[in-house]
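A quick write-up on the structure given underneath.
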Amino acid sequence: MNSQLKPIRIAQIGYGYWGPNLARNFYQLPGAELAYLVDANPDALAKAEQLYRCQTTRVITDVLDDPAIDALVIATPARSHYALTKMALLAGKHVFVEKPLAMSIAEGRELVTLAATQGVTLMVGHVFEYIPAVRYIKAAVGAGELGDLYYLYSRRVNLGRVQSDVNALWSIAPHDISIALYLLEQLPEAVSCHGAACLHGQVEDVIFLTLHFPGNVLCHIHVSWLDPSKTREMTVVGSRKMIVYDDVSAEGKVRIYDKGAYRKGDPIYGEFQYKLHSGDILIPRIDMREPLQEECAHFLESIRSGAKPLTDGENGLRVVTVLAAGQQSLDRGGAKIFLEEFMQQAG
Amino acid sequence: MNSQLKPIRIAQIGYGYWGPNLARNFYQLPGAELAYLVDANPDALAKAEQLYRCQTTRVITDVLDDPAIDALVIATPARSHYALTKMALLAGKHVFVEKPLAMSIAEGRELVTLAATQGVTLMVGHVFEYIPAVRYIKAAVGAGELGDLYYLYSRRVNLGRVQSDVNALWSIAPHDISIALYLLEQLPEAVSCHGAACLHGQVEDVIFLTLHFPGNVLCHIHVSWLDPSKTREMTVVGSRKMIVYDDVSAEGKVRIYDKGAYRKGDPIYGEFQYKLHSGDILIPRIDMREPLQEECAHFLESIRSGAKPLTDGENGLRVVTVLAAGQQSLDRGGAKIFLEEFMQQAG
Amino acid sequence: MNSQLKPIRIAQIGYGYWGPNLARNFYQLPGAELAYLVDANPDALAKAEQLYRCQTTRVITDVLDDPAIDALVIATPARSHYALTKMALLAGKHVFVEKPLAMSIAEGRELVTLAATQGVTLMVGHVFEYIPAVRYIKAAVGAGELGDLYYLYSRRVNLGRVQSDVNALWSIAPHDISIALYLLEQLPEAVSCHGAACLHGQVEDVIFLTLHFPGNVLCHIHVSWLDPSKTREMTVVGSRKMIVYDDVSAEGKVRIYDKGAYRKGDPIYGEFQYKLHSGDILIPRIDMREPLQEECAHFLESIRSGAKPLTDGENGLRVVTVLAAGQQSLDRGGAKIFLEEFMQQAG
Amino acid sequence: MNSQLKPIRIAQIGYGYWGPNLARNFYQLPGAELAYLVDANPDALAKAEQLYRCQTTRVITDVLDDPAIDALVIATPARSHYALTKMALLAGKHVFVEKPLAMSIAEGRELVTLAATQGVTLMVGHVFEYIPAVRYIKAAVGAGELGDLYYLYSRRVNLGRVQSDVNALWSIAPHDISIALYLLEQLPEAVSCHGAACLHGQVEDVIFLTLHFPGNVLCHIHVSWLDPSKTREMTVVGSRKMIVYDDVSAEGKVRIYDKGAYRKGDPIYGEFQYKLHSGDILIPRIDMREPLQEECAHFLESIRSGAKPLTDGENGLRVVTVLAAGQQSLDRGGAKIFLEEFMQQAG
């Protein structure tokens, strides 16, 4: 990073639960200047002002209309992402918006198109794609180390952060969907979703989401904010090896099991033999870097280079597509929603 | 047990994977005599003969026609349960049959009716209902200790015991279904099921089963024989407490979390407040008894007393009903199968 | 804390490994003003200046001679604690010094006396006595919940923070000794110590320290910076209950085992019976507070009130006494050092 | 094993806690015949008779005088090992005796000499030397995989099996001493021992034993039968790698840490640099075999071949030597006992 460069001047909207993490990172990154913080809560603004000595305002147009602001960072509740991102893009700003990009495919598409038209960078905060452990697994899968990929499943549960505006699907599952799409490099063919609204009656606190990928590869996702144990775990099962990614493990987050099973013999005559093996377990050393810092730096680099960010608008739209299909399945009692058809209807 | 009583003379059919455990228990129990073992494999018979000094045969009619045999224990592959149980009941024998009772509702009903007509005891080997930890949880749920029951989920996975005649739903999930029905004391209203046939193409190795109980209580079951980690875990979430039952834990299989969440305020005006609490965790001391021994003793007692066993034919039929509905959902791509309608069609 | 009060003006000496944690806390605490930072390293000073906008200097007399400085916080290498603390006390400053207070009993005594003569507060940074989990255990032991206290043992090991000026006894064991003295409220009668100097040949990387308390209560401490696993664990064994304190556990740091053993019968005739019991395990909810903040606040309060801090000079001297006896045992090949005699010789 | 060979006819003395395991193995092994069981308890004899259809007696001379008995298996309390082994050797029988071989060096030497004189096999039941995990570690250490061996430590604790005739040193530590001597292939130069007699007042329930090996390699052993947690763990620390052997782990008992530390630079000028590295962790697949079966088979093979068993009398005597020195250290308040001198005095 050439420190001679003019810093990218950033205004951040939203300083609630997650916003402070973004603000801290953009404040500390060379090449950026955290110039403005926008929030409805005066206490939040006072706190931010003290920490970062930035300007603050409760009025969004203050930053939209300010030509000195290059980029907007949006860390507000999910239902406001679309409208705020649209306003920012229309004002010609680069945008980093927290996940999910939008609450519908149509909205997401509009934002992607608008960013292209405006010629600005649009990036979505799918932070897991910047996590070293996830990248390690991606590399192992990509290199064929696991053999044939059979299926994967994920559990991300905890007690807390109960939401009342969006359900656990939209609030938590974007992480798992993002990782799954990143690993498999394609969209599922169909999506099924079940959930239970225990507290509110309208907002699902627990979600079981099934993604049907081409080649009969299944991905199952279980998320909840109403669970006794903090768990963030994904298992990837292949014919030759299997990987468990435990994000809350103290000793090595990734385990590679030299375990597998495949079929021998001739299926035509119904004579199958299954060959199982069970070998060593490897816990690779993976460097700990703060993924959020990588993510924020990547946003700055993308603005400077003009290149598409890893988690660009298209990427964010794909996650929204799966979420929206999952929501429709949920609304229809778990019916299997085929994505191709669903996307056409959304068109 | 009055040891003066004439022992119940038992013939066991099947001495493969699970059979030896049953044979050992019936051999050791007072009040029973393991008189006969039936298996197609002469090596298995030789081994059993040496251990238990019982008669052996490869011909089932040898034991069916033997008036000295009081009861049959059936530990054969799942697809043979119905036919063997029917033959045994028709021969006037009491029957202990391993789970599942049958492969269809119609078959299951026929067996239940036949046992009643014949006036003999029919018991299904749903062993988890005899496990002290499960009974402890049942008592806690029954006493209202958890508050409102929100949902429960279960994972029973491992690498191994790959089947080629029945899928993981029929092979593994009977345990979890049996526990869920035991805890909730009712049938689900509907069932949804997804799975992946990774090895064989026809036989699902991994199953995700969702049971929709009355009152919006969800039960989710994940079973597989193609997984890196041996896991046997069930979580029960209530408004006041939550329980985790980890059957492979070395230090206490049951954990009671004094954790919960409930809604405060007036839902009409959309003003919700969620009250979360997070207190102590208790790992109760639960005596270790061999559940199989309890189960086998219960079979003998039921024969003597003429009382219905805890896991009688009706109980086994309810599990079959859920399995059959799950299979239909699986066949229909995860469609929600409503049990009332489904049972009528099966009629 | 009455914010109208004139703030206590603090100068901190040392901004290396641990110093930044202290500086951050004193900076944030109401009632204190972090006025000065002293360090030999200009980079450290520049960093501190930026974060805390305080004065900086490499010359200690700058702060000793400054009448506006009320208190000194000393976070330098162990071997400098005595000299710096003495200078600060002579200059009439209140002193917070990191553990250990000094490297010998004579030095420690001198500092305790000097603080009394000068009428200033002297506090030692034995932070574990401010940790909620340790206080919880102290309360349980104090209330007799464990029955007779049989013995306790501790392991504090990791890979890293290799020292070359002091061994693992002086570097790590002060924590465990501090906790043991806090729990047992007395000095041991004797001390034995073994160690291995693997890397350096002169400086022990691993230490096994045994404290012999009155009433045949044993305390064993194992510390090392050359170990594969990060472990911070203490076990307290009583006749009725046992406690394990695992400081790196994610789910509850304290476990209370309703386990115990005691002797029944008449020892005169050599007829013993041991009654063992093994009941529930309780993981109590203990609030997480930053102990360092409590410790720093306690220093400020002690200065204002003039009351002796919990970990005052006497407290720090007792830890030094055990350390010095341990060192002598180490020097004499593990010989048992009796404290009464040892303290007289130190005299 | 040539099954044509005349079976080795075995009489076992002692059928209490551990005896049934040995009897079962010798009963099942080809080439052996469990001919006789000797115990003072008629219930034990009745049980053994039923299981193994062997002769039983309460009179030891019945088996000593029986020329058809080739070998004696001694599984009685520790204090009787010497006398019974001596009687058996004098009667010309091969002897397998549980650990410890004897309660003093002199006794142990006498048995070793007597076995040689009589030309029979004498084997001690140090079962850990037959455990695949221990052999794996032995191979790794032997191959230099760990670099320089720095130190090792072991913890073997649990609640239960309280003894009143021998302390935890003699009852539990033989396992750890046996493993340590096996790994290091030499005797320690000196031994120090501390303990606490919590229950009885005379019999130590908890023991901390330090073995000082040549080259400043330390081995520390902590054993107890009065502990909340079942732990059987040994850590071996080398300059290049470290190994943790956790015998109660469900997922891989051995972990190899690619972690280490060594010194760089010139010690003369006191300028040290420590190079630490921390890489992958490997959990190797180690086949599970019942070590007791291997041990028993090895006894039979040794009798047939006339070769010295791995854990022969000399091996058992070395363990007794360390135990006896540990006991003397314990009696002398933890004084360091130098083995060379100690063995001469024992002479």
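We call the chains A, B, C and D, going by the order they appear; numbering starts again at 1 in every chain.
Note that in this section contacts are C-beta pairs under 8 Å (C-beta built on N, C-alpha and C of every residue); 3 or more make two chains touch, one makes a residue touch a chain.
Note that the structure is a prediction, hence the values are computed from the model and not measured.
Novice: State the chain with the largest centre-to-centre distance from chain A, centres being mean CA positions.
Specialist: D
Novice: When the centre of a chain is set as the mean of its C-alpha atoms, what distance in Å lies between chain B and chain C?
Specialist: 55
Novice: Any idea how many Å lie between the Cα centroids of chain B and chain D?
Specialist: 44
Novice: For chain A versus chain B, what separation do you get between their C-alpha means, in angstrom?
Specialist: Chain A and chain B have C-alpha centres separated by 39 Å.
Novice: Which chain B residues sit where two or more other chains touch them?
Specialist: Those would be 229, 251, 278.
Novice: Touch graph of the chains shown: is it line, ring, star, complete or other?
Specialist: complete
Novice: Mind pulling up the chain C residues that touch chain B in the complex?
Specialist: It is residues 251-252, 258, 278-285 of chain C that touch chain B.
Novice: Using the touch rule from the top, collect the residues of chain C that touch chain D in their complex.
Specialist: It comes out as residues 148, 150-151, 153, 159-160, 162, 164, 190, 192, 194-201, 205-206, 208, 210, 212, 216-218, 220, 222, 226-229, 235, 237, 239, 242-244, 255, 257, 259, 261-263, 267, 272, 274, 276, 278, 333-336.
Novice: Under the touch definition given earlier, write down the residues of chain A that touch chain C in their complex.
Specialist: Going by the criterion above, the answer is residues 229-230, 248, 250-251.
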